[in-house]
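In the two complexes below, chain A is the common chain; its partner is chain B in one and chain C in the other.
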Partner chain A sequence: MDNIIGYRESSTSQNEPENNWRRYFSFSTDHKVIGVQYMVMSFIFFLVGGLLAMVIRAKLITPQSNVVDRPLYNGLFTLHGTIMIFLWIIPFNAGISNYLVPLMIGVRDIAFPLLNAISFWMIPPRGILLLSSFLLPNGTAQSGW
Partner chain B sequence: MHTLPKSEPAYAVASDDKRKPASETIEVFVKQWDWSFRYPNNITGDELHLPVNLRTPLNMHAKDVLHSFYVPEFRLQQYIMPGPNINLIVTPKHIGRHRLKDALFKGTYFTLMGANIQVESLEEYNQWLTKTEKEPKMRKNQALAEYSQSPKTWFKTGWYTVVPYQRAIGRSALPTAVSKENT
Partner chain C sequence: MGAVNFVTTIFWMRAPGMTFFRMPVFVWSVLSAQLLQLVNLPSLTGALILLLFDLNFGMQFFKPLENGDPIIYQHLFWFYSHPAVYIMTLPAFGIFAEVLPAFSRNPLFGYRSLAVASLGIAVVSIFVWVHHMFTSATPSWMRILFIVTSILVAVPTGVKAFGWTATIWKSKLHLETPMLFAMGGAAMFLLGGVTGVMLAAVPFDIHVHNTHFIVGYFHYIVFNTITMAIFTAIYFWFPKITGRMYPEGWGKLHFWLTFISANLTFFPMLPVGLQGMVRRISSYDRRYQGWNVIASLGGFLLGVSILPFIGGNMVGSWLYGTRAVNNPWHATGLEWTTTSLPPQDNFDEIPVVKRPPCDYGYPKYSVIEPPDYHQLEH
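== the complex of A and B ==
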């Protein structure tokens, strides 16, 4: 027991202090922090994708297209599908496994923690890029889902 | 063990059984976003009429992109590539009215695409042909109508869309490669 405590408090320890909430908004290499970051971020995109689904449903209330025009409807549908798969299902799975797998197998962190953090921080720009295609003059992808 | 529910039999078969009597070839033209048909003697229409229990060769041409001739009740689907003539021989089994669909999604006015299929006896088919020859009846091209006057919506984007073709049947509707072969 002494050994374990001594290890944790040694000056060479790479563990970050645990009582700092700011690390959830920063570039942290802790697998638990990254797991929470993944899950919270993917939930935000889940709400965005749900919003697009609400617009699709609003259009489908009446058989006429009087809410959105046809190209926008196709674009909404495409982005709804893309967001729900690539920015909700996949990152949320990554978050759960980031949080749990090191605990389950009893290791201090995932191998390559820096790479782990980088892979998380690539997703928010990706989502913003995807959503910003609504601002393009010719619109989003309209290939359906 | 469970037994499968009895399913409806297909209303048509695709076959090239030479022993069965054949009908005349019908040309099928498809483009974004419209189907049109040319019967013998240059009779044109936007409905596909088929005589029942006869092998009807369909000679299909796509003008722009990959389309798909799909009639759910016939259990038949045939991709139509732009360029070559695509041949499909259909033998309808039951008299009825069906809807021809395109099974490949292709953009803005896709939902306005489609054509009626009428399977009828040979006499009725010939009657319809003579009637159509006297007074050709064509629906308005819905995609074109909506393109020129888009309906009122809350959000109007004006995003780019492929311009629907003017309805043109006959020689001008053929892709260039095909018309060279035929002439």
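== the complex of A and C ==
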């Protein structure tokens, strides 16, 4: 049966959407699951990056303040930039593109599903490595952004 | 790897009838961004490997005291990192181009030119990287060349901005949350874009180099444009992705808090940078304090503004959200033809595409009625 848009509407008979939250924590090759994984993970890093930004602004509210010491301040804005770019915007774009592009051009999945899953699962270790640099004796990278 | 995946999918796997000029603008912009990624990322990878050797294995690619050249590192770095800005921005442009026509019930103005402008931005942005290095002893012939190319990027970008404006021109706007975010983001992109063109000119750039003006400018791009576009996308495709509607009131509260506090945070950085406050410093002259206090308070408000999003929209719709219908916005596009929460294989049968994208309100095709917006509110 054609719907108002003129396309044939999906019937929900055999092709049921699998609504099980556990699949979002599994190694799935479904582009929709990977898309959601990307988006949720990058949103968590967005919150972390936002917290760092608020510490930076707390430091800058007065000309001389000692909210954090200077090496830590340098590390804060370096990681703020790196997290916001490489762990928020780029993964989020990857996630929304993953979710929408196959749906928008009418294909069943992306060309190389396994490769897609592998490129997602490289990101959480990367984020943990970045954030764990706060624990190192020399502190984080301080090169600035 | 992701880039290869997207490019292959878009080039070879489209549904029957989905010609290149029937693809949504979002797909065009993803294609351009991923092609750009494919061309430019290797130079950053190479630079980082060389840097690793320099720092850990005693090599001297970039060490000035040992006949290395740090400028080469800058070149390699910016050859990726400038296009990276466009890799991030292009999907945001695509999102605006999807949402604006859906809520103004107008066809997307100049679909073909918007689609080609995505590719245009991608191509031109490969040739602009030296504009980050105007103060790194760049010879003057190079400066002139890169002023020209940098200003040239404004042409396809301007095509996009005019396209969005003409799309919503003289139409009755339906200010649902995604539309608010899209219009807010597109409007603030104007300020980010205009300050960007100012920075493309060498005399101005040398004056404000390394000041808070730069910080203000790129936050207008990365927060006020790209993050607003990301929230647009979240709200617009929320019914499709989660199968639930979000509460509209919390969404509007989230938008106004974000919009006001983002401007409070990032606008003061522009004047304070013009007055000469250097970036990346932890203490500063007392006369800059006024603007900084505004920016800091705005920043804290921005932190608060995420709370309605998490509390009201995510948790609220999870617990109390109504089930979403397949096409709540009555939008065109294949993703709205499948069920909300798409099935495992996306479509029961692969659709055949017979119409151009975003054809809202054409008399010839006017098969899609606008939704009953009062009903959506509840």
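Rule of thumb we're sticking to: the second predicted complex is superposed on the first by the 128 of 145 C-alpha atoms of A that agree within 3 Å, B and C clash if a C-alpha of one lies under 4 Å from a C-alpha of the other, contacts with A are read in each partner's own complex, and residues count from 1 in each chain.
The rule is short, and it goes like this: contacts are C-beta pairs under 8 Å (C-beta built on N, C-alpha and C of every residue); 3 or more make two chains touch, one makes a residue touch a chain.
Just so you know, these numbers come straight off a predicted model, no measurement behind them.
Aligning the two structures on chain A places chain B and chain C side by side, free of any clash.
Shared-chain residue A:L60: touches chain C; no touch with chain B.
In the superposed pair of complexes, A:F92 makes contact with chain C only, with no contact to chain B.
Residue by residue along chain A, chain B and chain C are tallied for touches, and C comes out ahead. Within the superposed three-chain model, A:I44 lies out of touch with both chain B and chain C [touch as defined at top]. Of the two partner chains placed by the overlay, only chain C lies in contact with A:I110; chain B stays clear of it.
When the two structures are aligned on the shared chain, A:G75 is found in touch with chain B, with no touch to chain C.
Within the superposed three-chain model, A:V101 lies in touch with chain C and out of touch with chain B [touch as defined at top].
With chain A used as the common frame, the shortest Cα distance separating chain B from chain C works out to 5 Å.
Put simply, chain A uses residues 64-65, 70, 74, 144 to touch chain B in one complex and chain C in the other. Interface of chain C with chain A (complex): residues 1-2, 4-6, 8-10, 12-15, 18, 23-24, 26-27, 30, 33-34, 84, 87-88, 91-92, 95, 222, 226-227, 230, 233-234, 237, 240-241, 243, 265, 280, 282-286, 288-289, 292-293, 295-297, 299-300, 302-303, 306, 326-327, 330, 332-339, 341-351, 353-355, 367-369. Against chain C, in their complex, chain A makes its touches with residues 3-12, 15-19, 30, 32, 35-36, 39, 46-47, 50-51, 53-54, 57-65, 70, 73-74, 77, 84-85, 88-90, 92-94, 96-112, 115-116, 118-119, 144. Residues of chain A that touch chain B in their complex: 64-72, 74-75, 137-139, 142-144. Against chain A, in their complex, chain B makes its touches with residues 105, 107-109, 146, 150-157, 159-161.
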